[in-house]
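Comments concern the structure below.
Chain lettering (A, B, C and D) follows the sequence in which the chains are written, and residue indices restart at 1 in each chain.
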Amino acid sequence: MAKVTTMFVSDNQSGVAPEVVEALAAAAQKSHGSYGGDDLTAELTARFRDIFETDLAVFTVPTGTAANALALSAVAPSYGAVLCTADAHVMADECGAIENATGGARLEVPEAGPKLTAVVIDRHLSLPRDVHVVQPAAITIAQATERGLAYQPAEIEALGEVARRHAVHFHMDGARFANAVAALNAAPADITWRAGVDTLSFGGTKNGCFAAEAVIVFNLDLARQIEFRRKQRGHLFSKNWFVSAQFLASLTDDRWLKWAANANAQAASLAEEIETSGLGRLIWPVEANEIFVEIAETKLRALTDAGITLSEWPDTTLPVGSSLPAGAKLVRLVTSFSTSKADVEQFIQLVATIGSEGMT
Amino acid sequence: MAKVTTMFVSDNQSGVAPEVVEALAAAAQKSHGSYGGDDLTAELTARFRDIFETDLAVFTVPTGTAANALALSAVAPSYGAVLCTADAHVMADECGAIENATGGARLEVPEAGPKLTAVVIDRHLSLPRDVHVVQPAAITIAQATERGLAYQPAEIEALGEVARRHAVHFHMDGARFANAVAALNAAPADITWRAGVDTLSFGGTKNGCFAAEAVIVFNLDLARQIEFRRKQRGHLFSKNWFVSAQFLASLTDDRWLKWAANANAQAASLAEEIETSGLGRLIWPVEANEIFVEIAETKLRALTDAGITLSEWPDTTLPVGSSLPAGAKLVRLVTSFSTSKADVEQFIQLVATIGSEGMT
Amino acid sequence: MAKVTTMFVSDNQSGVAPEVVEALAAAAQKSHGSYGGDDLTAELTARFRDIFETDLAVFTVPTGTAANALALSAVAPSYGAVLCTADAHVMADECGAIENATGGARLEVPEAGPKLTAVVIDRHLSLPRDVHVVQPAAITIAQATERGLAYQPAEIEALGEVARRHAVHFHMDGARFANAVAALNAAPADITWRAGVDTLSFGGTKNGCFAAEAVIVFNLDLARQIEFRRKQRGHLFSKNWFVSAQFLASLTDDRWLKWAANANAQAASLAEEIETSGLGRLIWPVEANEIFVEIAETKLRALTDAGITLSEWPDTTLPVGSSLPAGAKLVRLVTSFSTSKADVEQFIQLVATIGSEGMT
Amino acid sequence: MAKVTTMFVSDNQSGVAPEVVEALAAAAQKSHGSYGGDDLTAELTARFRDIFETDLAVFTVPTGTAANALALSAVAPSYGAVLCTADAHVMADECGAIENATGGARLEVPEAGPKLTAVVIDRHLSLPRDVHVVQPAAITIAQATERGLAYQPAEIEALGEVARRHAVHFHMDGARFANAVAALNAAPADITWRAGVDTLSFGGTKNGCFAAEAVIVFNLDLARQIEFRRKQRGHLFSKNWFVSAQFLASLTDDRWLKWAANANAQAASLAEEIETSGLGRLIWPVEANEIFVEIAETKLRALTDAGITLSEWPDTTLPVGSSLPAGAKLVRLVTSFSTSKADVEQFIQLVATIGSEGMT
C-alpha cells in the first residue's frame, strides 16, 4: 500500500523507464570523449534535428531551471523584462533563477490567467518605456502550462508574431513539451520555431529519464554565447554522454511521445472518473497530464485515512475571480509515463470505498 | 586497438563502475520524493557524517564547477578576493564560474607553484588593503592538486590556521579527493574540517560515477544560504535520488577509496615504467593519479603512429623557472578506477615496440 | 513666461539654493583629501549623528537610485525578496537597479495601495516558503511616499516591529525625507532607527542641492560591506568633499527643514486653491510636496494653451479600485525649496483666466 | 605652510577651477529639465562632437570607475576577458568594479610593463581558447597611463588594428585624457576613434571640475544599452545639467587643454629640478602630469620634517626586472591644473634647505 501514499503527487516522483536504464548501463561500459565531445551527444543533435525538421543547436543541462535560466540569460540583459504568467515556473518555482542568471532582469506578469495571449502582450509591449524602467526582452510560455493546458498552434503563432514585431525573443519552457505534443498531435516544428519560438527548454526528466534536460536553440545566433554561459554556470557535464544516452533512449521509436501519451490518457481517464464519481470538480480542462480538482475537505481527509495523500495546491492558481467554497480544497494530481490503468483503477476503487463516509 | 587511442587522456573519459550502474537501475524502479526529499539522499547525509566523523550538510550538484562556485559564492562577496594557484581548476578551467557566481569576486594568485603555502599566504593576507581594492574572502586549494600532488595534513593545517587568523574561509576542491585520501592514508576528517576546511567539493564523477558531485559543508553557518543558492543556480535535481544512489554505491564498502587506490597504484606503476623505459622524464612526483612527463616530440609522434594519443599539456604548468628543452613536449597521463594492470602493460609494450625508432 | 511652462513638474527641475552654491564655491578654493578623507566629510558624519541623536555611518553617493540599491544590496542576497509598494521608486523608476545590485533579488508587492501596512506585511512574511521561492530579506518604504503621503511614526514602528520579528531588514527611501520630517514635525530619530529602520537613503538633491544623496546606516554591522560595495559600483567620489559641502550647507541652521517646510506649505496652499477654484479634485491628502489632481482634459488643454504644462501621471497610481471618469486626466504637481508664494499666485491667476472657457 | 603638506599627492586633491565654479553658480539659478533632458546636456554632446570631429554619444557619470565599468559592461559578457596592464586603474584601484558590472568578466594581464603592445596582444589573442576558459572581449588602455606615459598615436593605431582583427572592443580610460592630448599635441580624434577606439572614459574631475566624467561612445551600436545600464547602476543624475555645466566650462576656449598643459609643464619643470638637485632618480619619462622618483629614505624623512609629505608608491610598479636599492623609496608626485610655478619653486627651495643634512 506504500506506493499508493504519494500516488499522483508529481511526475518528478516517478522512477525511470527501463529503456533509459538499459541505455545508460550499456553506455557505462565504454570510454567516451568528455564535455560533450562524444558520439552519443553528436547523435543526439542529429536526432533533435530530425524531430524538429531544421538545423538547431542542443545544450544539455542538469535541470529545467538551468535550461530556462540559460536560455533567457542569452536574450535578456540586466535591465530587461521577461514576460510570463503569474504561475510560470520561472516566477513561482525557481528561486529567482532568471533574475540571477540575467544579472537582474525582471519577470513581468502582463495579465492574469494561465496563458499569455497575443492581444494583451501586444498591448503591453506597445506601452511607452523611458530610461527609468526595465525594457522588454523576451516572452516565455510553458508548453504544456503549469495548469495542464496546451497552447494551440494558432495561439503560439500569434504570440510569435507579436514577439517578432516588437523585437523581443520567444522562449518556451517545455518541461512537459512531450505531453503537449502528444496532446496536440502537432509536429514539434509547428509549435516551436515555425511559430516563432527562438529557444525551447526540452524536458526529459519528468518523462522517464533520470536527469535529461536541454536547451534547443532554433535561433542559431544565440548558440555561441549559450555554450560559454552553460560552462560558466556549472551546467556542462564532463560525462555528458550520460544525458545524451538517456535522451536517445527516450527519443528512439517515439518512446517520448508514447510515454507522454500514456500520461495524458491516464490523466484523462482519471479526470473522468473523478467527475463521474462525484469526488470533486475539475478546475481546468485536462489537456495534458495534470488535473486540478476542487474537493471537499472531508473527502480529502477520508482519502488520506484510506492511504492516498493528494497534493494540496495554492488557491492563488484558481481561475481569475474565482475562489474555493467553504470547506473545499484545491488539489493537483499528476500522471506520468509509468502510470498504469491499474493505478487509476486502484485509485477509483479507493474513492468508491470512501464514497459514503467521505460525503459531507 | 580503438580503446588504446585515448588511453590515459582523462579520468573524465572512463565509463562508470558496475556497482554504480546496478544501484541506479535498482533505484529507478521505485518512486521517490523529489528535490532531495527522498530516503537515499537522507541516507547519503548520514553516510558522509560517518565518513567525516562530524555533523555536516551535503548539497549534491551536477558538476565540479557547480560545486566550487556554489561553495565560494557562499563566502565571497562581489568585492571579495579568492586566493588560489595559477593552475587551479577555478582559475584555468571553469570559464569564470567563480567570478559569475559571486557577482564579481576576483581570483588572486599569491604565489607561483602548484600549491598554496602558509607562509606566503600569511604574508599576502597581511598586506594592507584600502577601499580601492578587493578584499580577501577565501582561500581555495585542490586536493589532490591539478599537478597530481597531495597536500600533506600539516600543510593543510598550516593553511587552515592562517585562514582562521585572517578571518577568511577555507575551501577545498576535492574533484580528486578520493585519490588524495587514498594516497595519504589519512582520515578524511583530518585533512578537512579538523584542519580548518569550511567547505569541500567532493567529487564522484572522476571516480566511477556518471555525475555525482557534492558540496560538503562543515561550517554549518553556511548551510542555509547554500540551499537557496543551489536551487537558484539550477543545481537542484528533481530526481535527486539518482545522485545519492551513485554516491551511496561508491561509498559502500569503501569502494571510493579502493577505486582511487587502484588509480593511484596504476599511475605509480605507469610512472615507474615511463622512467625505466626511458620514454620521458617525470615533472612532478606522482602522488595521486596524474602523471606529467617531458617527452621527446619524436617519441610522441611514434606513439601516435602506434595508436596511442597522449594529451599534450601547456608548458605554463611546468615548475617555476623551468622550461622544456628543444624538441620536447609536456604530456599528461591520468589513470582511473577502471585502469587495469593490463592497460599499463599494453601501454608499456607499445612503448617498447617504438623503442628504437622513437629515439632521437 | 518661459518659467511657467514646466512649473511644478518636478522638484528635480528646480535649481540649487544659493547657500549651497556659496558653500561649494568656498570649498572649491582649497585642497582636500580625496575619496572622503577630507574634513568636510568628517564634519558631515558628526552633523548627521547630531541630527539623528545616535552613532551611525554615512555613505554619500551620487543619486537616490544608487543609495537605494547600495543599501538593499547589503541586506538582500541574490535569492532574496524585497517587499515594497507597487509604486515604489525602486520598483517603478530605477530600471531594475535593486535586482542588479543584489545579483537577482526580487521586488515583491504584498499589497495594493500607497503604503505598506504592518498587518499585511506580517501576514505576508508568515507565509511558508520552501526552497523553490525567493526568501524575504527586507522591506522598503518611501518617506514621504511616491503619492506625497507621510508615514506616521506609529505606522513605521509597527512595520519595524514586524521586520524585527521576521528577521528582515528595514530600509527607508528618504528622497523626500526632509518633507516628511517637516510635515510630521517629528524627531528624525523617532521615524527611523528608534522605529526599527536599519538604513535610510537621505536625499538632498530634490531639496536645494546639486547632487547630494547618502545612505545613513544605523545598523552598524552593515557599514563595512557598504563601504566596499559603494566603491565597487562607482559611487565613491574622489572629490567627495563636494557632496559633503552641499549637505553641510543644507543642514546648517535647519535649512533642509525650512526648505522642505516651504515646499510643503506651498503645496498645501496650491492644493487648496486647486480645490477652491474648481480646477480639479485632489486624489490623495497633500501631506508633503506632491499634489495629485483629477482634472478635465479640456481644462488641461486650456492650461497648456495659457502656458502651463502640467505633468500627466499614469492612472495605475490611483487608489485601488478607482478610475478616472471619462474626459478626465490625472496630473501631478510638485513644489520645492524654491517655490514661492508668487509662483502659486501666478498659477492661480492663470487658472482664473481659463476659468470660463476651460470648463466643460 | 599647511598647504605644502600634501602638495603633489594627487590631482584628485586639488580644488576646482574658478570658471567651473562660476558656470555652476550661474546654472544653479535656473530651472532645468531633469535626467539629462536639459539644454546644457544637449550642448555638451554638440561640443564633444566638435572636439572629436564625429558623431558620438555622451553618457555623463559620477566617477571614473563608473565610466570604465559602464563602458566595459556594454562589451564584455560574464564569460569575457578584458585585457589590461597590471597597474591599470580597472585592475588596481576599482575594487572589482569591472568584474561586478559585467557579471563576472575577468581582467587578464597579457604582459608586464606599463603599456599594452600590439605584438604581444596579437599573440595573446591568437591563443586557442576552448569552452573551459573565458573569452577575450575587450582591451583597455589608460591614456595617459598610470605611470604618466602617453601612448603614441602609432601605438594606439596598432592596438586598434589588432582589436579589430580579433573582433574585440577597444576601450580607453581617459581619466587623464586631457594630459595626454596636451602632451601629444594630437587631434583627439586621431588618438581615439580614428585609431579604432570604441569607447572613451573622458575625465574632468582631475582637471579642474568637481565631479565630471563621461563615457564617450564612438561605436554607436553600443549607445542604447549604455543608456539603460547607466540608469540601472545609479549613475544617471537627476540634475544632470550640473555635470554638463562643469564640462562645458572646462571645454570652453580650450581650457581643458590649457589646464592639462599647465599640469604637464609644471610636472616637467618639477622633474627636471628633482634630477638637477639630486633629490632623486626619475623612474619613468615624464610625459604627462605624474612623476615617479626613487628617493633616499633619509631625504624623504627630511622632506617630511620640512613640511612636505610625498606619496609613497608600491615598488610593484617599477619597471619589470628592476627593484629599489637598499635605503630607497619610490614616491609619486602629481601636478594639476592649479599647480603654479610658485608651487614648484617653493618645493625646490625646500629641497635646497634639506640639501646637505638630507644627503646620505
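Here is the rule we use: contacts are C-beta pairs under 8 Å (C-beta built on N, C-alpha and C of every residue); 3 or more make two chains touch, one makes a residue touch a chain.
Just so it is clear, the model here is predicted, and its values are computed rather than measured.
Novice: Taking each chain's centre as the mean of its Cα atoms, which chain lies farthest from chain B?
Specialist: Checked the centroid distances; the maximum from chain B is C.
Novice: With contacts counted as defined, which of the two, A-B or A-D, has more C-beta pairs across the interface?
Specialist: A-B
Novice: Let me have the rounded angstrom distance from the C-alpha centre of chain A over to the C-alpha centre of chain B, please.
Specialist: 35
Novice: Cα centroid separation between chain B and chain D, in whole Å?
Specialist: Once rounded, the distance between the two centres reads 43 Å.
Novice: Express in whole angstrom the distance between the two chain centres, defined as the mean CA positions of chain A and chain D.
Specialist: 52
Novice: Give me the residue numbers in chain D that touch at least two other chains, ranges are fine.
Specialist: Where chain D meets two or more other chains at a single residue, that happens at 35, 78-79, 94-96, 100-101, 103-104, 131-132, 228, 231-232, 236.
Novice: Please give the residue numbers of chain B that touch chain A in the complex, ascending.
Specialist: Those in contact with chain A are residues 3, 6, 10, 12-16, 18, 20-21, 24-25, 27-35, 61-67, 69-70, 94-97, 100-101, 205-206, 210-211, 228, 231-239, 242.
Novice: Could you pull out which chain D residues touch chain A in their complex?
Specialist: 35, 77-79, 103-104, 131-132, 135, 225, 227-229, 231-232, 236
Novice: Where on chain C is chain A touching in the complex?
Specialist: Those in contact with chain A are residues 78-80, 92-96, 99-107, 131-134.
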